[in-house]
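Next come two complexes built around chain A: one with chain B, the other with chain C.
On to the complex of A and B.
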């Protein structure tokens, strides 16, 4: 009797919860949003790349002209190189964040407060960060050069006007901004490791560094992979600070893919070429994501 | 030998197994190490906060004080009037309220739409649910710049260019993936018995969702709301591209323009920047645990 009742209930439940009309009603709003605002546009970008178009007037189909121009556009490749350079720096800094997180996840006083303090820059708008760091780098009144002058450095650099250092001068605030984010993620992952595993290693006589290096870090390999993807893709599509602080300048020395695309479209009004750049940016971001996943793929997930 | 034993047992009782059982010398060393590490972490904390402290200080100075006083000296007579001046004269109040309502509207839309779809994906039975979920997850990797030109032309065609609606729907679409991701973990843990009981009682799916499931997800809704709020409040590229009239600009683009005009008045610039970040800092002060939770659950489980 009871069994029958339960079975009937499950059947009833299945029927109600697989009602096609209801499912459609719940899925459709989100699906329409993501389709019209994200997926249809990225396909259109690829198509617009085939046009000669100033954004307002006639669209003229010119085939692959924009794309072939892109392949020989040295400024585009320079900006692509800068984007990859940022990606490399971001990945290297992940190592430092991991180290900080390992320290933080040990029995350190105030670790909860620390990780929250580190997060603060991440919460601020890029305009605020850019404007603040432009002041930090101000040639005469910024804290950076006033500090350098006070310790006796003559002729401190013109951070944002010097073509050889401007890119690195912008990388610094970007890394400053995201440090707390990655530290937080690593910290959470490290805290998820069962205490018993660490304790077992300790009893076997492993030193704290051995425990960190041989046990903790391998156990969070999955999370590390995710952060590598996030850092690389985030860097490749990076735009905000560069656009606000230097606008890609001086003389293209800090141009990245996204800022180059924006300039072509909304400054030069070359929407066709801008679209081609935007489409390339998309292809590069997706290819690199796929590549990293493939390169770091392991057959078995870490179990504990 | 005996001494070592004694010290060992003492260590155990005082530090409750937190430190590895080691000899006296090792213990001293680990104590020094832990102090060195603590100082290292503190230095990092200072690095993260110092630029903001400096910002706060120069927002209360006039140019003369900025240029002549030490950067980290608190001004003798703090110029609070810097804040009053920019608030009323720089259009900052308009930008501020635009930011508030556009942020609020986008958060509401995103959280509702994301709740609907997460409910359907996790609780209802249909074939394509994994595929649809994948669609949202992949969207996270897509650079917004690859959508800008088509969106620009689309919004111009349907006539919402230079209108807040363009921002609200764009924010909602781009924030759906992260919102769904945060909701997902919570929805999976909801007990199935709740639904079973409700459906057996003849409750419709809509009533089940609105009167039972949605109220149950309140804690995670708060988390998604605050994460969304931070993203929307700080958003820059879309406002810069879609909004041209001062009437609809939000704080990020508004203060960018304002600073462009008053690029030499450090106090005014500092005050506008402070006004733009204070709401976020306040939210962080009150809801830091939720923010931490949102950020970690949004990425660790990815």
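On to the complex of A and C.
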């Protein structure tokens, strides 16, 4: 009885879904919503980039002036370089996350607990993380320098105040912040691999290292590609910890594209130029995503 | 199966409630406004019925609501918030047909919101602005209403001289100051006594104090230069004491140049202080709040900051009494051979009240602003420790000695140089602040420092 009902329901469903008008009806609300809150503002941002506008008064159309100024703005390219550096570090750290997940997904004691431990930073808000690490990096009272002093380092680094190391000092919490997220993704993907494949490999005499490297990793290649894109794009548009911990300083040493955009628009009241930076940020992120997809494209997916 | 459907249903319910409330918030507040408006009406009718004072004529006035946006949340600025509410209550009692609705945001959020609402021309009827460079784009964009028409005489002369000018563009006044601050150097009497130091009267004595403290492993000065305007205060004082009050002002208003030798020398002196280890370690990475805690924890001996910090050194019960009794202040000492005057201060008005040009209730908003400023002047020092832009009669109120001393200094001031980053337009201010950080970090030479300023200022001309 129940079976029949279900069958009938499915049949109805098929009929409904083959009607183009009905499909449109279902898709349209979401489409309109995403158009008005995502795509229209993107186009507007590109347009604002063509204006001389302080965000308050008159708008004057100045053509591509903002964009050509951008191309010669050394501070913008410096911040772009910093963003790409962050992207590079994020991608490298993906390797470490993968290793941790492979170990966690093996049948070891307490892997459940560890998985949760790694996930905790992700549950904290960025502001809390920033406050926490500002305390860690405090030049005189910070945990880091207290420790360095106690083991006899005479002049411990100034961390966030030193223009040559501030960027790396701030990368650490950023990477730490997202560790749990990627470990969780990898862990879930690894857990999806059928046990029988691992069993078969083990019977054939493969070492645990070989199982991980030759069997597990190729099988989750699709997920790895996605995480690379996520890590790179996430890094390119990164903003929060930098804004709170150093505000791009000292002297622009930790400025990234998004913080530079914010500064131009909201501190210097140059909405036109800020929009141009924002639009460029989008273009860069799109290009990089496309490049990564191209570079990592394979002819066939590895199948189970 | 059933459980799953239930969860899904709940989820959809939550999401739709969220979406509805988020999208409909505007309409909804309007609706409550109306509701409150009518209830007000009802009570008024009852009033009219009971008392026969002849107020009936006023009773026909149309109900209006003034939107008032300010930056004193109850959590962070309890004193100010309390006074704001009291004044609004009094105002509403006096003018029953006017209702004041508050929107309260924290400082940085306030700045951002003000900019966003002004780009869509939806400023609140009454709001807060900072002086000079900050408000200029708003004035140019015709967003603020001129207030000269309500600036009649006893009211105009109640302001401390020079404060109204900071809110004027081309001689027209656009906002009334609520705060006025000067920046003395606070010092810890205990630390000074411990090292046998006296309050320095000349700059050489000051350098001697710095050297003695640094040699004894005490951070002489607490400075949080991540915020940059903090370092700017030091530079401004040095510029004032070396080149006189006009040096920096004329460079900024373009009657002079930033490549004035006095301004370059001030930059050299700044770096000399840095190289003497005058400031706490890692100052370029610390916020002003972190630096303040160095001073409060008695790990740093001096702290150059605005008089808005006075409550922390006098009345704030969260800070140990012992420490508060130990804090004194001195004026930035004069430099031998310099043109500066000991009674010249760095400081200026903080926030002021504006009325939006396209407000639908402009008359009532102006009435409110004037009322607010007058009442604020009477209560702000005693109630919130805020020195108002209007003159305060120190003889008639009971205040901690430190307050009275600062207020007297304010009365005797020969000049108050407005904070450089407020004086400059936002674009140049950003250059200035970045250069301050580079100068303190020894990343820029004094010559580069002056040259970059000159270029930025010249470009704006």
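Note that in this section the second predicted complex is superposed on the first by the 275 of 304 C-alpha atoms of A that agree within 3 Å, B and C clash if a C-alpha of one lies under 4 Å from a C-alpha of the other, contacts with A are read in each partner's own complex, and residues count from 1 in each chain.
Going forward, a contact is a pair of C-beta atoms (placed from the backbone, for glycine too) under 8 Å apart; a residue touches a chain by one contact, two chains touch by 3 or more.
Computed from a predicted model, the values in this text were never measured in an experiment.
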Subject >> Fit or clash between chain C and chain B when superposed on chain A >> reply: clash
Original post:
Which partner does A:179 contact after superposing on A: first (chain B), second (chain C), both, neither?
Top reply: first
Original post:
Is A:44 touching the first partner chain B, the second partner chain C, both, or neither of them?
Top reply: first
Original post:
Once the shared chain is lined up, is A:271 touching chain B (first), chain C (second), both, or neither of them?
Top reply: both
**OP:** For A:22, select first, second, both or neither according to whether it touches chain B, chain C, the two together, or no partner.
**Re:** first
Subject >> Partner, of chain C and chain B, that touches more residues belonging to chain A >> reply: B
Original post:
Which partner does A:116 reach: the first (chain B), the second (chain C), both, or neither?
Top reply: first
**OP:** Return first, second, both or neither, reflecting whether A:249 touches chain B, chain C, both chains, or no partner chain.
**Re:** second
Subject >> Intersection of chain A interface sets (partners chain B, chain C) >> reply: 55, 266, 271
Original post:
What residues of chain A sit close enough to touch chain B in their complex?
Top reply: 9-10, 12-14, 16-20, 22-23, 25-27, 29-31, 33-34, 36-42, 44-45, 48, 55, 100, 103-104, 106-111, 114-121, 123-128, 131-133, 135-136, 141, 143, 146, 176, 179-181, 184-185, 188-189, 192, 199, 202, 207-208, 223, 226-227, 229-230, 233, 236-237, 239-240, 244, 257-258, 261-262, 265-266, 271, 274-275, 278-279, 281-282, 285-286, 289
Original post:
Which of the residues in chain C come into contact with chain A in the complex?
Top reply: 111-112, 115, 118-119, 137-138, 140-143, 219, 225-226, 228, 280-286, 290, 294, 299, 425-427, 430, 434, 437-438, 441, 443
**OP:** Using the touch definition up top, name the residues of chain A that touch chain C in the complex.
**Re:** 54-58, 134, 137-140, 158-163, 166, 246-247, 249-252, 263, 266-271
**OP:** Over in the complex, which chain B residues touch chain A? Could you list them?
**Re:** 17-20, 30, 34, 37-38, 40-41, 44-45, 47-49, 51-52, 54-55, 58, 66-67, 71, 113-114, 116-117, 119-121, 123-126, 132, 135-136, 139, 141-154, 169-170, 172-174, 176-177, 180, 195-196, 199-200, 205-206, 209, 230, 233-237, 241, 251-253, 255-256, 259, 266, 269, 273, 276-277, 280-281, 284, 288, 291-292, 295-296, 299-300, 302
